[in-house]
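A quick write-up on the structure given underneath.
As written, the chains take the letters A, B, C and D, and residue 1 is the first residue of each chain.
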Amino acid sequence: MMDAAGGDITKEYTAEDVKHADFSSTEGAIKDHTAAIDVKTLDQSTVHYLSGPIRVVDVDGKPAKPSDLLSVEICNLGPLPGDEWGFTAIFGRENGGGFLTDHFPCAAKAIWYFEFAYSPHIPGVRFPGLTHPGIIGTAPSMELLNIWNSPQSLTLCEVQQSRPPANLPLTKGCLLGKIEEGTPEWERIAREAARTVPGRENGGNCDIKNLSRGSKVYLPVFVEGANLSTGDMHFSQGDDEVSFCGAIEMSGFLELKCEIIRDGMKEYLTPMGPTPLHVNPIFEIGPVEPRFSDWLVFEGINVDESGRQHFLDATVAYKRAMLNAIDYLSRFGYSKEQVYLLLSCCPCEGRISGIVDSPNALATLAIPTSIFDQDIRPKTNKVPTGPRLVRNPDIPQCTYDGKLPTTINPSAAA
Amino acid sequence: MMDAAGGDITKEYTAEDVKHADFSSTEGAIKDHTAAIDVKTLDQSTVHYLSGPIRVVDVDGKPAKPSDLLSVEICNLGPLPGDEWGFTAIFGRENGGGFLTDHFPCAAKAIWYFEFAYSPHIPGVRFPGLTHPGIIGTAPSMELLNIWNSPQSLTLCEVQQSRPPANLPLTKGCLLGKIEEGTPEWERIAREAARTVPGRENGGNCDIKNLSRGSKVYLPVFVEGANLSTGDMHFSQGDDEVSFCGAIEMSGFLELKCEIIRDGMKEYLTPMGPTPLHVNPIFEIGPVEPRFSDWLVFEGINVDESGRQHFLDATVAYKRAMLNAIDYLSRFGYSKEQVYLLLSCCPCEGRISGIVDSPNALATLAIPTSIFDQDIRPKTNKVPTGPRLVRNPDIPQCTYDGKLPTTINPSAAA
Amino acid sequence: MMDAAGGDITKEYTAEDVKHADFSSTEGAIKDHTAAIDVKTLDQSTVHYLSGPIRVVDVDGKPAKPSDLLSVEICNLGPLPGDEWGFTAIFGRENGGGFLTDHFPCAAKAIWYFEFAYSPHIPGVRFPGLTHPGIIGTAPSMELLNIWNSPQSLTLCEVQQSRPPANLPLTKGCLLGKIEEGTPEWERIAREAARTVPGRENGGNCDIKNLSRGSKVYLPVFVEGANLSTGDMHFSQGDDEVSFCGAIEMSGFLELKCEIIRDGMKEYLTPMGPTPLHVNPIFEIGPVEPRFSDWLVFEGINVDESGRQHFLDATVAYKRAMLNAIDYLSRFGYSKEQVYLLLSCCPCEGRISGIVDSPNALATLAIPTSIFDQDIRPKTNKVPTGPRLVRNPDIPQCTYDGKLPTTINPSAAA
Amino acid sequence: MMDAAGGDITKEYTAEDVKHADFSSTEGAIKDHTAAIDVKTLDQSTVHYLSGPIRVVDVDGKPAKPSDLLSVEICNLGPLPGDEWGFTAIFGRENGGGFLTDHFPCAAKAIWYFEFAYSPHIPGVRFPGLTHPGIIGTAPSMELLNIWNSPQSLTLCEVQQSRPPANLPLTKGCLLGKIEEGTPEWERIAREAARTVPGRENGGNCDIKNLSRGSKVYLPVFVEGANLSTGDMHFSQGDDEVSFCGAIEMSGFLELKCEIIRDGMKEYLTPMGPTPLHVNPIFEIGPVEPRFSDWLVFEGINVDESGRQHFLDATVAYKRAMLNAIDYLSRFGYSKEQVYLLLSCCPCEGRISGIVDSPNALATLAIPTSIFDQDIRPKTNKVPTGPRLVRNPDIPQCTYDGKLPTTINPSAAA
């Protein structure tokens, strides 16, 4: 959380319903038009705008305290009324990329309109929202912050440079609410507050698509009051949000209900690292998710494109399942970029299906078939490329050359 | 497949319903008693007993041919009538181990009875079967066999020695049906046929729990007739079968319906490696799976027990989610071995929930809450350890010392 | 529809998304307090306030025409923001009563708050909304109107006087939008427009709980432009809304998407009565309903309280199933009025389970068990009456004596 | 139950798993061929062959006693291995008819093969089984038997002669197990035992499709030992089994688990008639039913074919919904008899959707769309009559003339 170590706590909330609005992950930097230039040039150092920190107290006014567990129920959420649209983007390699940057180095984006989600950039697809906050978490203690920001904890990252490692605290783009920028307090906090990108022990940017209506997340409490923050509202997302900015990002509202489980960290969670802070949240899936009955599922194993084995590596296996799905669906009239965007934001499921049968890990990607207006299952006849699903020539099929990506031209779609 | 390069093809089957029975993955080597000694000493070189190869022809008698796609529907399956029991085992470290061998080095097992599955070794749990064949696959061509058996393809395995790498062909324990053992033909085949353990491009030991009643798997065809083999029947399994012999292994029967999609490999699948053979199966989930509405979900990130980061490593993250779940459930009256066995075989789901928020991959493990006879969700009061769920002192809590594991004593359970 | 024969058509809508708001079935006559007096004295002649009629044209501007089929998709709907509450009422016998008036003659009501629905008057229960419009329908032609309003068509009603028969057109309480009351046009329309209460060939007040988000209803078109009207928003309702005002009535908004299926009435619907107008709508259930996995189901057969048979009478059988359920649940700490209100508005299902095994029709009522905070299934021990579910003495257990009902006193609840 | 007042109790069963087999509702009288003559001439006085009565005792050997509640869980069930076929029949008017006898007076039948169910007589349809026993019930006490067999209790039946009223005890076709036919004991029992056709207070022939795997039914106990009987195995059935012999009748096996809830009748059930015996069973739906996500739903209201109102009559409304569905689906290449048979046996749902909006009751019939191999939803184009779904000229479209019905000729199908 941005404001982890201190910040703008001016109001107290009881452990009752809390309603806020206007969570915009990029605060208007992405426009409702089809040029991908705004994605390419987005300053990621300023994400994410959050609501909070919220100090949580019980009905007697006693705040949550370290070692409690904070139960947060997602009571209601949705797009900000009057602003029912969102976007999904591929970040280009020069801007951090995503899971498949080696295959999709160029920036692209799709605009979606609700309810249900449909996009002029990816015609023939329509699905209900599995709406959720990408970020929900409590504030870390200074001790946990020091662990996160310790350069030693990131050593492995420097070895694997296919994507940039995590950011340590940096003042550029730091958002600290009412604390005046440039003051010594602002400087101090900006130099020690954790960046929001990764999910962590406190929850944070976990990007779990199932934290939707009716779900309940149990967060460890590290500081008095818990200092709950949340934001980064997604209309929909697949498991993994693979194109990095892969959810349907939107402005939204959120209603929460908090309950304090006293000493719940000790009662329920077991630290797994060297300190009592190395715990993870747990959650319950809610009763009102859209449920699909028909799925087409793609397998992948940990053999890479050169034919090389990666012993029981689920990440490689999942990448292969994803690429298999992209190749397959691109035969039905879509460009590969369209499918990559689609699989980032539609309610698909990524599974670790096998992790013990040496040397092959097996990952699967399940796609609900009813989101398409054509039958995408294999048939004994030729692949029926639906008339409306023409390949869009303006979605770039580039190989990365360091130049600006071509924009997506909506007039060519549909 | 054992019989990949040739073998016992004496009957032709048309592309119609095929019914077989008596798939036993270990052919009686594991007994319906509670001593874990048979798990510890199991000769894994002899698994798996399979049915097949089945030569598939169409209604005109023309066989499936390379580059076709073989659609195989699971019409019916179940335990062998009169033999309604199965087992789940932890393989000890000296016998290959499983996903969590470093945490559970000793052999153990649980016996389950159907329908629905319950075990005297893990009281208070009961669930319907998500019955499936662990193995279903077509025969590889000699070209594909050579790729699998090339020592170069396994280089990475030698670096990561926490578990033994894949086996290359070996004659020990080889099962070749009607081909007489010791003959030159037997020797030749045993020296070139792939071992059954890993899932591969042809399907094989994919251990996907959703290949259950009504599902349909699309397998690439590499040799004339497809030479379909199947077996390793599981009454139930979680995603990943983490304790290695983690499904509820049983004797069972299976009814299949085959359809040949001519040129389907070319029409639908895209090779991802250096040859046209580097493809993977796809499948549809069937309409009659048991569906659960309430799930408790555990998160894990790629920070290991020493506090060290593993950049976007889903395998580490999933291991953490699994260990978090084991620790949590062990507070409800179970030993950790009991939970490890349970999470191997109950219908839990392993998800790759985040793979892009550097540096942390986030994996989740979802457990259906209704399989327990107590409420396992966090509550504001103390963990209610159900009266029937006493910790079983005879399930070994050992650290591995090279000695025989203690047996599980059923008289102490329930 | 009120405005069937003409009325306030000032705007044309294309067959695109339409958004309206503020559907209140009783326009503020029921207050958010707990006295049942407003239910008792409600003037039912003024229900229902509707939005419409909406003239539907296609993208070329051509209106829907008689014999077309109008496909109306429920894209989005919900409580009016800022007004997230509703009510469920028992209408007293003197005000029309409901399905079980002989057993519950007195007026009562419960107030519910969202999201999820909970009520101080029925503690220990909480459920997600299966939100829907109680009324959605096209305008009748004059010919169909004449059939409805023919006194002959209602002959049977006079025989069965347990409840008042349908109202013929009456000017009292008639709502005609912008048409000025008292003018000759207003008088003419009020004397010939059908009252809104029953569901009919045009849809209308069908009160079908499954017309929720993502469902699609196919309505016959009887007049040019279809003249679609809708309203009577329900946050939730069981099949049948048994206490008459039994849904959770609320102010809400609704977004629709219309498509004209040209000649669809002729293509798809078969008239069943003497004229081509005797058809009924069909609909598709949407993909995002809350789904429950555990149900407790009550049976009823067509033997009434005196022990008398009613040959294959599903209405009697269903009444018995409903009364069985009320008796059963009243043992868990609720008053019978509370259960009657609850079964009117929670997402329970009423089934005709047997209609051929002479002489007994069998009806069932299925109740999702997870809406209760206690386990309501039969157990080998005593019925556990949860501590919070005390019987509320202020909910009247009266037998009807013509006097005002006692109010429900909220201070005694919870 | 046939053997209600005494009979063949030679074995005691503890309240443990019980397995039986070979429940055939008509014991071979219906053959696996396509001539409907065997349906027309079936002697209904001999149905149903049952297993039981089973005396239920607890683990201490104490029998169930009157006023207990018997919990019976359906643990496993299915077709008798080797006999995987069944039939659905329309009974002709002269043989008792069904729900729509006035519309379908002639006998007809369809043969189905498992798993999943498909029929050469109704091509293009295929569905998983929602397998269940049509009959499950405890034995009545003599007091309850006297109520059932009292001629006074059936007075209303004589008024409504559209279908024959219930049978009083008759010796013809009576099945009494090991009691020798013709002995005084046999005569006595046959003259006082209730016939099996209707569902009653004890359960009996309730024909509830949801009493499938994992469901649990709570039956009142009227005699010592409960004397549980069961049979009439159905591979699948819609709500209501409308064509009377409308389930897919088969030979099957069944595994039950019984538990005695002492004094459960008093604790949980409320008598609704003049005696303590006027109670009804309740049940829980199991977790492993096939679940469908897409339904097409047909509405019906209580206006009959002559245009006449039947005030709040759910039976008439449901008949209309059923006829609407038959008319609709007959446009997709089926004969109306085919659809009537299909809607009797496929997993469709019959709902009482409105019972309070005077004067119209509203019933709905929901059909899962995925059982068809064509898209049956309304579309903007013409009804696509699938090439394989030609109207079968040999399924009789007769009006009843007292003559033998035409047979269904399978060679004309598909």
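Observations on the model:
One rule holds in what follows: contacts are C-beta pairs under 8 Å (C-beta built on N, C-alpha and C of every residue); 3 or more make two chains touch, one makes a residue touch a chain.
Because the structure is predicted, anything quoted here is derived from the model rather than measured.
In terms of the stated touch criterion, the partners common to chain A and chain D are B, C, listed by label.
Note: the chain lying farthest from chain B is C, by mean C-alpha position.
Centre to centre, using the average C-alpha position, chain A and chain C are separated by 40 Å. Taking each chain's centre as the average of its CA atoms, chain B and chain C sit 50 Å apart. Between chain C and chain D, the centres computed from C-alpha atoms are 30 Å apart. For chain D, the set of residues touching two or more other chains reads 287, 291-294, 370. Here chain A touches chain B in the complex through residues 69, 71, 96, 98-99, 147, 153-157, 159-160, 163-166, 197-201, 205-210, 218, 239-244, 246, 259, 261-262, 264, 267-270, 272-275, 278-285, 287, 291, 293-301, 303-315, 318, 320-321, 323-324, 327-328, 331, 349-364, 366, 369, 377-380, 382-383, going by the rule given at the top. Those residues of chain B whose C-beta lies close enough to touch chain C in the complex are 291-294, 370. Contact residues of chain A toward chain C in the complex are 75-76, 81, 114-116, 128, 213-214, 255, 287-288, 290-292, 370.
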